[in-house]
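Structures incoming, each one as structure tokens.
Note that subunit A is present in both complexes that follow, paired respectively with subunit B and with subunit C.
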Partner chain A sequence: MFAELNGILNWSLDKFEKGQCVLLSESKTDGSFLIHHFLSFFLKAQCKVCFLGLVQSFSHYSTVGINMLQAREKGQLVFFEGLRNSLDMLLPESDASDAEPQPLSFLRWPSTDLRNLFDFVNSSLSQSENDMSRWASPVLLIDDLSVLLSLGVNPTAVLDFIHYCRMAVCSKQQGNMVTLVHNEDDLGDEDCDLVLHALTHQSSLILQVHGLNTGYCRDVHGQVLIKHCLDHDATLTHSLTHPLINKYTISHISYYLKFRNLIG
Partner chain B sequence: MAIPVQSMTGISNARLNVEMNTTSFQKKSRSKLLSIPGTRPSFQNGQLLVSTGTTSLDYVIGGGLAVGTLLLIEEDVFDSYSHMLLKYFLAEGIVCSHSFLIASAGEHPDDILQGLPAPVLDDVPKDEIGKINQRRENDVSEESQDSMKIAWRYQNQPKVQTVLAASSRFGHYYDASKQMSAETFESAEYYPFYLPAEVHLKYSVSSNIHIGYIKLLRFIQGVIHKEGFDRACPQSKTRNILRIGIHSLGSVLWGDDICCKDDPLYAYSLTKFLYGLRGLLRTSLSVCMVTVPSHLIQNKAIMGRVTNLCDTVIGIKSFNGSEKDANDLYKDYHGLVCVKKIPYLNSLICELPDTRDLAFKLKRKQFTIERLHLPPDLSDTVSRLNKQDLAESSKLLRMGCGAAATGKKHLDF
Partner chain C sequence: MLSEVITGSEGGEGFVLIKDCVQCGGRGLLKSFIKAALLRNETVHVFEFEISQEEMYSGLTDGTSSSLVFHNGYTDPLNWISNEKPFDFSIQSIKSQIDQSKDKESEAKNVILVLDSLSWLLHHIPITDVCQLLQEPKRKESTVKRIIALMHSELHDQGIVGSVSHMANTVVTLSPIPEFTTVNWEVDPYAIGETVQRKKSGKVNREEECYTVQKDFSLIIHHDLHNRKQAIPKPDNTAQVDPAANLTFNLRLSEEERHAKERLSLPFTFSEKKKHSILQPRPGGGKIVYEPDAQDDFDEEDPDDDLDV
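On to the complex of A and B.
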């Protein structure tokens, strides 16, 4: 979606680093444009994508980025819509405990772990031989992880979940993982900080979206810092910081959207 | 999520109209799939919008409240202005003949309904509209006999509609000093939810959400499914909007303890409820306004999570009883409004207001939100002249003039 960002990351559709865990964090502004970017990037790169959309509905993601309906029909994309599925868990019809496990079962007392959610991710990304030939490496996208914390999941359970996902997706299948987490320093949300710090420690590529320190401004949205752990094997990991003014990308987006309106 | 505004369906109609009109140039008209009174499509992202009942608030949040979204109002300390906003929201629903649902734990929903402000309708009453229409028809028949001799190309143009029916307008003004008449709201479809009537003191630990929230969620779900506000319903049925107003959610009266303790037992009750509610709203033709006493919530992290789970968040701070009341700077206003969150709906960017810190004042017929600006005189030392001073100075000036012209004498003509 944003060619500039790909240029900075040195990624292209046929050549990008595999087995990476990418962390997106947002503070005081919205970082979801990066989620849209990576979603359309991996779909274009013919990866098998599992998307846990916990914040917005399918139609939102589909309208903003590339058409996801097609990808879903082809079996390239597995989309999990949290908003739609949450209600069945919050308001169970009856005491149907023998029903098959649901990904969002943590919403129902007393189970609070994310085992079923991981099973869902694992089964949707495990590739049959047919899939192997059709799609490139698997990708897991999560928008956003903080919602799980808001819904009462223990931070250690979230970290366990992430660890399992990394093992299954990044290590075993050499796939990629992209997660978005809120960064709320000033609110004193300890759970959120714990998850953020642990993920910062584990991730190899970090994109931090910050609102402006001077406060809200209509024209400039904020800045993106890109922290790159260049070498995993080297004992010394470098960290590069790219300050980016967000405005350029956003203005690019607005043109892009205008164009879409014209043709649609 | 949004009701798509189809631009393609208008083409066939447009073609037919070409012959009627004088030019082939057509304004690209967007005919929408759903036309419900009191709604309009957004200019930015094609969302179906409804008015919040406060015209200036509509403007601040990008034209109106998108159908299927949740607006959270952070209450002011005495819950007077936020309650007013909730009433405007519901009154707007009645005027636009939307269905509405009121949920409350303190004040009875019927009482809230009784206290709704009366709309200020500057339109002509109905029987007069009938008369005007009749007159117009007569005019038309007269005109048809003698056809236009000059400007004949405008003959086929439709007459300009001057009288608007009340419901077709987007956003109304309300007279806060008068109450809405009973016959106005009797005809509206209304679903009350009063917590003390629904929940008995019996406690159940089937889930870690509080029982009051579960009941309310079930109630809303029931109304949406039974009364056909579901998006999945067949399109042929006449559709309407359901407005949901929830008063003081999260307060002690709802049985929640987030207002009492820093480390509450049911810390995730409210967030889970809001998540479920949003899931329900996204799949139905409904909008919801929730007021939350955010100043009472002890743990700020909880308020942060609640903010993240809502679509639009507006904070209200009134000057009542605060030190700011005495400040000269704020004497024109009743309080401050802070736009904390604006939703990203079907687009990468949201509506961007010029500034997020605004001020409001409540007049008798209008709740206005304005840009906060400094009044020209800040203190007494900076001499802004009041009337008396002005009179004296003008006297001085006259004396000066007089002195220049004719010595110490006044100029008399």
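On to the complex of A and C.
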């Protein structure tokens, strides 16, 4: 968790905006450090977290930052390990698994939508009275959405899934949702662009991670642009942009505020 | 022109399309259309697919206005949660939903149909069906007087955006304010709206305006858009550096120096005196004597005959 980023967003563990749909986009660099940031932030803020980890294994995520094992045992964290589940789905050990709907059923029946995956999210985050007293608002983290497109899911189906997650988590339960998407503007990937643009319209906070225009640098890995979209709100002011430079070493990340006139 | 379209004083009928982009969303403008219609005491049917009822109502009404009818396509449009009848996107269903709620009212009034957003509909039903719905205000017996739709133009192919735009009587295309704007605005403009209006007579009006939507969804139009365009090159002129300044040598001529320069004859100028001196045979100069051989076929009339090979 990076205190500097929290300071810029004006978030703290006991006070942060609820009902937000946060979009993280990465282009020409790795943006997963933001996923780790939000994961450890929401776990420390005592939120009930559902984490769809489609890119890495559980042990990878738990070694990077916070002790996830403890959170999972306490029932605070529901972790969905996409790598293992997809293998189980494609190479089932017995036929018994067909009886109940699996979250990744679209892998075997490509024409189906992502309804089962949404049901998994919804049931993980719907809180019992006991949960409500223990945990703060629910949070859904997705790392990352582009994997679903790579697995052959129709972009409209991905957007339907996001629509339902947003409705259930952000609107109904006043929780937060954080989604990572690749930004492949240069590559001309139409499906990826469609999902990214649609999510940009729906998100209230956007963090864009870019590689440096000047190319590779050993110390500075890229810049983060932060946009607050106030379009949903009645106060229609222009979006704010904070250019940052992030420098990360193996164990920690430090941010350097960069003034706008230094960029161009 | 944008505010006239919103108030309905100029070409209120037909299909109004708002095309927004990633940099500037058009929902604020859509809400100001709804607000203006409510103030005129017209019945507005909102088919909402992207935001919740609370978000749509915030700032518009105190929730009691009967002339704003909300059709919820947001909560469960695909019937994933409840096992009730799913939201029906078909045109017949949308029309019958309007008719049903109209029956409840005592007087038959013309209604305004708001689609937020058209992008959602285009992703879920065929474009032919969407176009049929958009034709509705043109039918004489229809109660739908006006359709106002928001469309996110990046989410569709150019072809689809083009066909929908062709059906519209008025198209408002939003684009972001360029960053290098130099004018000091009193209120920062939100976006540039380009309004294209096709009249029944065939006349096409086009105007670009900067606008801001205020908290009460009234619109501020910034009239100095054209000043802004002219104002851009100004800083370039003042910033231009004089290349002759601060030189270590003199580039300018005094009057005396100019006369001296003009008097000087340069080596390549061919004056009369020079010509004369060259053409006059000088003492001790050489002379060419030519004696033809016996075999030479010398033509007196054409001495250069042998050059034509």
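Definition applied: the second predicted complex is superposed on the first by the 232 of 264 C-alpha atoms of A that agree within 3 Å, B and C clash if a C-alpha of one lies under 4 Å from a C-alpha of the other, contacts with A are read in each partner's own complex, and residues count from 1 in each chain.
Heads up, the rule we're going with is that a contact is a pair of C-beta atoms (placed from the backbone, for glycine too) under 8 Å apart; a residue touches a chain by one contact, two chains touch by 3 or more.
From a predicted model like this one, the values you see are computed outputs, not experimental measurements.
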item	value
Side-by-side fit of subunit B and subunit C on subunit A, or clash	fit
Contacts of A:164 with subunit B and subunit C, given as first, second, both or neither	second
Partner chain in contact with A:28 - subunit B first, subunit C second, else both or neither	neither
Touching partner for A:150 - first (subunit B), second (subunit C), both, neither	first
Partner chain(s) touched by A:18 [first = subunit B, second = subunit C, both, neither]	neither
In the superposition, subunit B vs subunit C on subunit A residues touched	B
First (subunit B), second (subunit C), both or neither touched by A:194	second
Which of subunit B and subunit C A:72 touches, first, second, both or neither	neither
Touched partner set for A:36, first subunit B, second subunit C, both or neither	first
Subunit B versus subunit C - smallest C-alpha distance in the overlay, whole Å	17
Shared subunit A contacts, counted only where both subunit B and subunit C touch the same residue	none
Residues on subunit A engaged by subunit B in the complex (per definition of touch)	30, 32-33, 36, 56-57, 59-60, 63-64, 82-87, 90-91, 107-109, 146-147, 149-152, 182, 184, 187-192, 216, 218, 250, 253-254, 256-257, 264
In the complex, subunit B residues that touch subunit A	1-2, 7, 205-209, 214, 217-218, 221, 267-268, 271-273, 275-276, 278-280, 282-283, 300-301, 303-305, 308-309, 344-350, 352-356
Contacting residues of subunit A [partner subunit C, same complex]	113, 115, 118-119, 122, 156, 159-160, 163-164, 167-168, 171, 193-194, 197-198, 200-202, 229, 231-238
In the complex, subunit C residues that touch subunit A	20, 22, 24-25, 27-28, 50-52, 54-55, 58-59, 74-78, 80-81, 119, 123-124, 152, 154-155, 177, 188, 190, 212-215, 217
